[in-house]
Amino acid sequence: MAKNTELLAPAMPKCWNPDTKPHKFCPGCGHGLVLKALGEAIDELGIQDKTVFGCDIGCSLLSWDFFNIDSIQTHHGRTTPVITGVKRARPELIGIAYMGDGGGYAIGSQHLVNSATRNEKITAILVNNTNYGMTGGQMAPTTLPGQKTETSPYGRDPEESGYPTLGPEMVAAIAREGAYVARGSMSNLRQLKKYLKKALQNQIDGNGFSFVEALSACPTNWRTNAEATWHFVEKDMAEYFPVGEFKVPGEKEEK
Amino acid sequence: MAATRIVLAGEGGQGVQVIANILAESANAEGKEAIYIPNFGVEQRGGVSLAFVQIDDERIGSPKFPKADIVVALSNRAVDRTRQYVDNRTTFVYDDSLVAAAEIDEHAMGIQAVEADPRNQRRTEVIDDSKKRDKVDLPDNAASVVSISANDIAKNELHPRVFNVMVLGAVLKATGVVPLEQVKAALEAKLGDKFEKNPELRDLNYKALEKGMSLVERVV
Amino acid sequence: MSDKPVKGEKRVFMTGNEVCAWAALAAEADIMYGYPITPQTDIMQYWTRLAPKFGRKFLQTEDEISAGFTTLGGVMAGKRAFSATTGPGNTLFQEPMSMAEMMRIPAVVILPQRGGPSTATVIYSQQEVTMTAFGGNGEGFRVVYSTSGHQDLYDYTIKSFNTAWKYRFPTFVLGDGYQAKMREPLTIYDPAERGIEMVKTEPMVGLPGMPGEERMTEYLRNTYNTEEELYEVVMDIAKDYEKAAPELMEWENFDTDGEMDVLILAHGVVSRAAQEALPLLKEEGIKAGHFRPITLRPMPEEEMRKAAKNAKKVIVVESAYGQFLKLVKEALYGMDKQIDTVLRPGAGVTAEEIVDEIKEGR
């Protein structure tokens, strides 16, 4: 990057790698925003030099050189076990497993479920944009009923392929005391950052498994303009995927 | 000199693996080369349990062998399973007491626990009905066929619990592979704690060994 | 500092699986990740009992895919991590091991082969040769040791850690169900007392210092954008592999110096039957020799050809339907040599059977 752009440089989290900016995500993609919230959380917690960042296959892969943080790009769905392996070997490190819908709810679901039940002390962050972006917009476990994708061209029919996965709800139901589970949205970055920070703090405190789903946009594959994109995330998705905290350590369970 | 090749077979729970292990351990302690390998065939719990032991002065080659010097089959199913290891040099020893086959079908697939760990074995019942004897199809190509009423003797003269130790004594006498003292030492190593708590157990086990030895002649 | 698990040396009588657990301990392995599958489960069971006494760790994962990937994570974090699997588990391991090949991750995996294809039997085979040597979507940049007994299992499990960490290829101890379950004597020892120094482990991530400021940030990936980029990466790995190969290859010759009627080619536990067969063949007036590759990858091709040169023909004996045969044919390519075979997928082979086959083919 040329020196004189420093004057105009947008406020970037310190732990971001400026050399790999502008980033490779599509215009309007939610990843950039989620990673900004994550970067700020890491800065505020001061854990940049003890974190290992794992990313999955899919668009999350494009974050492999995003941070000035040691990063491992893994196989699809295998980010959770790789980071689990790192954390088990070196518990003093902070392990972040960053993935999309497929990496957590399809091919990676058995790893997500088992890390949750074993209460692995890692932080898994899943970016939910209701489709498989990098491969061209196929249906994902989180595709909404009626939503058109490359493999549900007439709209997702729940009779045929069920209803969207409610990931944090599932993880909250099976995780143990000490876990932190939440769902935020790129439409409310301040709240999302709060959740991410709490999720990381939960790992720092050594309590247990932390999981945050972030609602995100994919205008490229949704083929929506800015207004429609925003509407989909803020209204349609939020209606189906409620935002909030599902499990907080120490809180009384309300049945 | 060729290895002494021993096949032991019985119902799961009869303690075949335990004595096969003791035999191999004794030989090893004696400074000989020994290989023990459990079941190969369908892995089962409660089905036929097989053990293969080779003892030699030289390093042993393949853990598998086609024909045995001595086969000891302690149930009817065991007789069927072991006939393939018999040729005109084999001494075939079988138990002519009646033993109820264990519950699990020998052809049950998918069971994966190997009989090697004695803790996996369940006890098998000895049926006390000497009138009804299943017809046993004994191999007709062996060098000699010896019957011992191991189950009956154990039940009537010793204790069902030391049935397998008695068989061990018989195998020891028949093969002469290791001195009795070495086997006693191996038993001590395995059961020493129990013997300390209950010295009568030691006597019972030694008695079983000697009884077993009295049932057969040296053949190998 | 925890006590040493093996001090000096000791003659023991144990199962192959137990040997592997002790060897990993002696090799200062830090952590084992694994999933149960017969006949290797005992390795995990011994490890879980012994490891805590020496400050080592363990994680039972949800499946073999996870066992492989968590092992990679542990290795990348800089710890001597290993796993063990077999059969369908080995099949699942191909995904993580292809990542290890690409990213030069020093993973160590112990593999007691069982029957195949699919779940077949839990007993024994040599049917995982192709998969272990060339599995996944890789190019076979792996080191594979084919052990023939307990002393091998001990020696090569220890050696695998050093091979992996020095040369940075995933390294496999290819045993089988017979070795895993049988008991035979061997000598266990403290590697240090035999002059074996364990290669130091280095983390690939989580290095000390502020990334981007005090040191370079580590970016590890296995995805590339262009063909040209990928070609460079793979050719680089190939270069390292070819360079390391002569240092890695191991083999044994038995009576291959003079002229032979037949050269027996076999590996692993079948090699024992081949060795046992030699004097029996001599009694029958057949001059036989035996060449045993210890590393299947890299295959000691030159040495095999040297041995085959003196033989009227070769006979390949394996407990598979031609997996080792394929490797032999590749090694002997161009030699005008008759190749007889004894192929016994999933079944053991005795010395007597080898003798009979050779006599029949005379």
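The letters A, B and C name the chains in turn, as written, and every chain counts its residues from 1.
Everything that follows uses one rule, which is that contacts are C-beta pairs under 8 Å (C-beta built on N, C-alpha and C of every residue); 3 or more make two chains touch, one makes a residue touch a chain.
Quick caveat: nothing in here was measured; it's all calculated off a predicted structure.
Asker: Computing the C-alpha centre of each chain, which chain sits at the greatest distance from subunit A?
Answerer: The most distant chain relative to subunit A turns out to be B.
Asker: When all chain pairs are ranked by how many C-beta pairs they have in contact, which pair ranks first?
Answerer: Here the largest contact count links A-C.
Asker: Compute the distance, rounded to whole Å, between the mean C-alpha positions of subunit B and subunit C.
Answerer: 35
Asker: Distance-wise, how many Å sit between the C-alpha centres of subunit A and subunit C, to the nearest whole number?
Answerer: Whole-Å distance between the two chain centres: 39.
Asker: State, to the nearest whole Å, the distance from the C-alpha centre of subunit A to the C-alpha centre of subunit B.
Answerer: Result: the chain centres lie 61 Å from each other.
Asker: Specify, in ascending order, the residues of subunit A that touch 2 or more different other chains.
Answerer: Residues of subunit A never touch two or more of the other chains.
Asker: For subunit B, which residues are shared contacts with two or more other chains?
Answerer: Residues of subunit B touching two or more partner chains: there are none.
Asker: Write out the stretch or stretches of subunit A touching subunit C in their complex.
Answerer: 17, 48-50, 52, 57, 61, 64-65, 67-75, 78, 81-90, 93, 110-111, 113-114
Asker: Please give the residue numbers of subunit B that touch subunit C in the complex, ascending.
Answerer: For this pair, the touching residues of subunit B are 21, 24-25, 28, 33-38, 40, 43, 60-66, 112-114, 116.
Asker: In their shared complex, at which residues does subunit C touch subunit B?
Answerer: That would be residues 13, 15, 38-39, 121-124, 178, 181-185, 269-270, 272-273, 275-277, 348-353 of subunit C.
Asker: Applying the document's contact rule, which stretches of subunit C touch subunit A when the two form their complex?
Answerer: My answer: residues 30-31, 33, 57, 59, 61-63, 65-66, 69-79, 81, 95-96, 99, 203-207, 209-213, 217-223.
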